[in-house]
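Dropping the structures in below, format is structure tokens.
One chain, chain A, links the two complexes that follow: it is found with chain B in the first and with chain C in the second.
Now for the complex of A and B:
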């Protein structure tokens, strides 16, 4: 067993090339080891003190979110909670305040859980991940990254250093909604994110919808086209229920998941359209529209 | 809305109470504090009896073979039974203190008032001696030690043949009654139910410690909501529990807590515990799930027949001609 604290990205990449696994907040790795899900890797490199990975950069082409930016950082960030509201909806629902203070976006993305709350928002926002190793840097679309539950196509020596989000089109916004049985310490039963762009007449000209916890990875709903908000929401709901391939487990049956993911998808489209039209719906959307409460 | 009932189990229980030479007191009992409020309420009872503050007493935890018997913290019975024992034990110490004070103040023991850390003569508060002084004096002579149990009240007599028989009648010693009203919101598309407000009225007799009692109701209402909506053990085909940890056995969290309005109906009950008190902690579990179930039945048009009334079960119950989910 070895444990190395990296202070620079280069230190971390060197450790990874020597066979170490990275740990940042530890909210997946350490908790998983304690619960017997997977033993702690024998060689660890702590990356949580690499200051440069904690930053959010706003550029002409969009926003670059460092891998160590926490869910709490995201849910409090002025730009992310407004222009990339769907992502902030997801981060604001993760675990508890303490989980959100240590859990990082990079860790969430690389853990590749199909139930991750930031996954479907990142997908509809067109996110790319930046992977670095001593061999070089590459960027790939986030849907390409996830290959199965807990699996990515990243090589063992590659470190996720940032998530890139393109600048949103005018009159566009996003939303993420999840089905939850309680309001804290919850794991998504199902969830859905939508990103929409409105035409001048208020109808939807472009739409993307992605689904959480209904397939081995986060999946994008295919075949959606523009139209009135009500029509697109209904079509998204139907397509989500049809394209989902959920399992039955103790959280829910496949039938119930298939139905409710459609409900979430339709509501996410509606909320994203309201935001795209300039309405301020606070983060997280779950509290604002109140699943099971006032709506 | 729903009503509830909870028994007072009339059973034996015992305690020792002593006061040392420095004026600090100990309660030695088999009763344990595990969130029941015993650590506050038993000290309050002992302190009031001898004229000290609750803070002057500590509850001593030890092997149960060393302490007098208590049935344990089950069924909200600590105050009803062990409270009676602590009062009886403290009353013996109070008698010793009165006798000592009577010598000091040249008065009748029966006229000695023990309050606010001072023993004084009734009607002549200037004639007084501190209880700490009396305790110091006792430490050099007959020590201040009391033991108590008190006779458990007898159950109501069975008259003729009743459907519950003698065992059932025993549960009607100083019964507690409650009534809860809830406001719930149902998401009809998903079956997710949220409890927005709970009003809880309880007849638990005299409330000895109001802050503690309100805390017991708040906590028990949350547990009642969990019973109603999210808490349930599930098993696989080998009878192994599928949700043996709190990730999947879903307690309610602070974020789920509704507003809970609490009313205590303090009316006299025959055979109640110390100072007319009865139990409380578990009682609010009774009416809460029933009230939620009744509210949901109004919203969906029929009762949801299984607990917990999970979102999926509620949703399924609203689907036409489909069986309810198993497990």
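Now for the complex of A and C:
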């Protein structure tokens, strides 16, 4: 049994190569261990004090979000809540203020739950994760990272140091919506994210849609093409319901999930298009237009 | 039988340093209540759902039931007992009593912690902001309305 607090990435990588597991906010790892989901790893390295991983860098090619940036940081961030609104829609829905205060983007991504709220937004935004170990650094598309529920292709000695998002194209934006039975402290019953680019005539020239909690991992809807907003929304809804492979559990039946994920996908396309057209829909979209909206 | 392995750490709670020897997996809540002896912080669900265990870590709310005590070393921990110096009531405490926001009282310490974090971030919250700020705290008695009123009264008093 050991517990080590890392202050630098190098300290953390050394601990990982010696067999320790990382704990950031602990809101998956510690909560899961207390439930008996998996025992707490005997050797832990706390990474939450590595200051350089707590930063958001805006560059010419996009934005680099450090792995320790919290959901609270994201929901408050001026650039992320506007230009990368779909991601902020997801982070702002996570748990309660305390969950968002401790829960990190890196932890959400590496925990690889098919119900994770930042997953489908990151996928449609074209995110890449940067994994680092004492052996070197690699970057991979986020969809390649997730190999199954709770599983990633990262090696045990690799630390997720950052998530890279490319600069959005002009006249583009994103949105994420989840179906929930109450307005806070929920897990997505299903969810959908969309990123769209508008042409000069207001139609959609490029679209990506990804789905939450309807497959073993976050999945991208394939086969979508541009068109009017209404047509793309309808096509996304139909394709989402068709391509989803949901399970039945205590939260929802597979049929209900298959139907509602289409509804969420259509609405996400419409909201992303409104944002891309310059309309300010505040984060999280759920509170503005979704299930559980105030009015 | 061998003793469970312990780690010696110093926890700073309400401005005082407490040296404790604890196992790696001990939760902060248990150490605050048992080793340190401050029982204002409550255990409800032990699952980050109810908020009875809420404390501040460097001024931000955290569910102490599921936070590793060893991970809290070197950080400022504030429990409900530390909201104000001994024998004085925090305006939130006074107002939650006066507004009738306390019935059984079990959720109250966690509510006070979340409310104080909210008001330090947002001194002029809307009712919706208050409800979001308290969304990690369950109350089975009051129906929340009087708790929201107490937070709003505190905010208004503070603005003068």
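Throughout what follows, the second predicted complex is superposed on the first by the 290 of 295 C-alpha atoms of A that agree within 3 Å, B and C clash if a C-alpha of one lies under 4 Å from a C-alpha of the other, contacts with A are read in each partner's own complex, and residues count from 1 in each chain.
By definition in this document, contacts are C-beta pairs under 8 Å (C-beta built on N, C-alpha and C of every residue); 3 or more make two chains touch, one makes a residue touch a chain.
Bear in mind the structure is a predicted one, so any value in this text is a computation, not a measurement.
Participant: According to the stated criteria, A:35 is in contact with first (chain B), second (chain C), both, or neither; which is it?
Facilitator: both
Participant: In the superposed arrangement, does A:102 touch chain B (first), chain C (second), both or neither?
Facilitator: second
Participant: Pick one for A:184: touches chain B only (first), chain C only (second), both, or neither.
Facilitator: both
Participant: Would you check which partner chain A:1 touches, where first means chain B only, second means chain C only, and both and neither mean what they say?
Facilitator: The answer is second: A:1 touches chain C but not chain B.
Participant: So, A:169: does it touch chain B (first), chain C (second), both, or neither?
Facilitator: Neither chain B nor chain C is touched by A:169.
Participant: Hey, is it chain B or chain C that touches more of chain A?
Facilitator: C
Participant: Mind working out whether A:46 is in touch with chain B, chain C, both or neither, as first, second, both or neither?
Facilitator: It touches chain C, and chain B stays clear.
Participant: Please work out whether A:27 is in contact with chain B alone, chain C alone, both, or neither, and reply first, second, both or neither.
Facilitator: second
Participant: Report, in rising order, the residues of chain A that make contact with chain B in one complex and with chain C in the other.
Facilitator: Overlap of chain B and chain C footprints on chain A: residues 35, 183-185, 294.
Participant: How about chain A: which of its residues touch chain C in the complex?
Facilitator: 1-3, 5, 23, 26-27, 30-31, 33-35, 40, 42, 44, 46, 48, 72, 95-99, 101-102, 183-185, 294
Participant: Quick check: in the complex, which residue numbers of chain C touch chain A?
Facilitator: 5, 7, 23-25, 27, 46-49, 51, 54, 60-63, 65-68, 70-71, 73-74, 114, 117-118, 128, 132-133, 135-137
Participant: Chain A touches which residues of chain B in the complex?
Facilitator: Interface residues on chain B, with respect to chain A: 185-187, 189-190, 192-194, 196, 229-230, 234, 242-243, 245-248, 250, 252-256, 310-312, 315-316, 325, 327.
Participant: What part of chain A is in contact with chain B in the complex they form?
Facilitator: Residues of chain A touching chain B: 35, 179-185, 187, 250-253, 256, 259-260, 263, 290-295.
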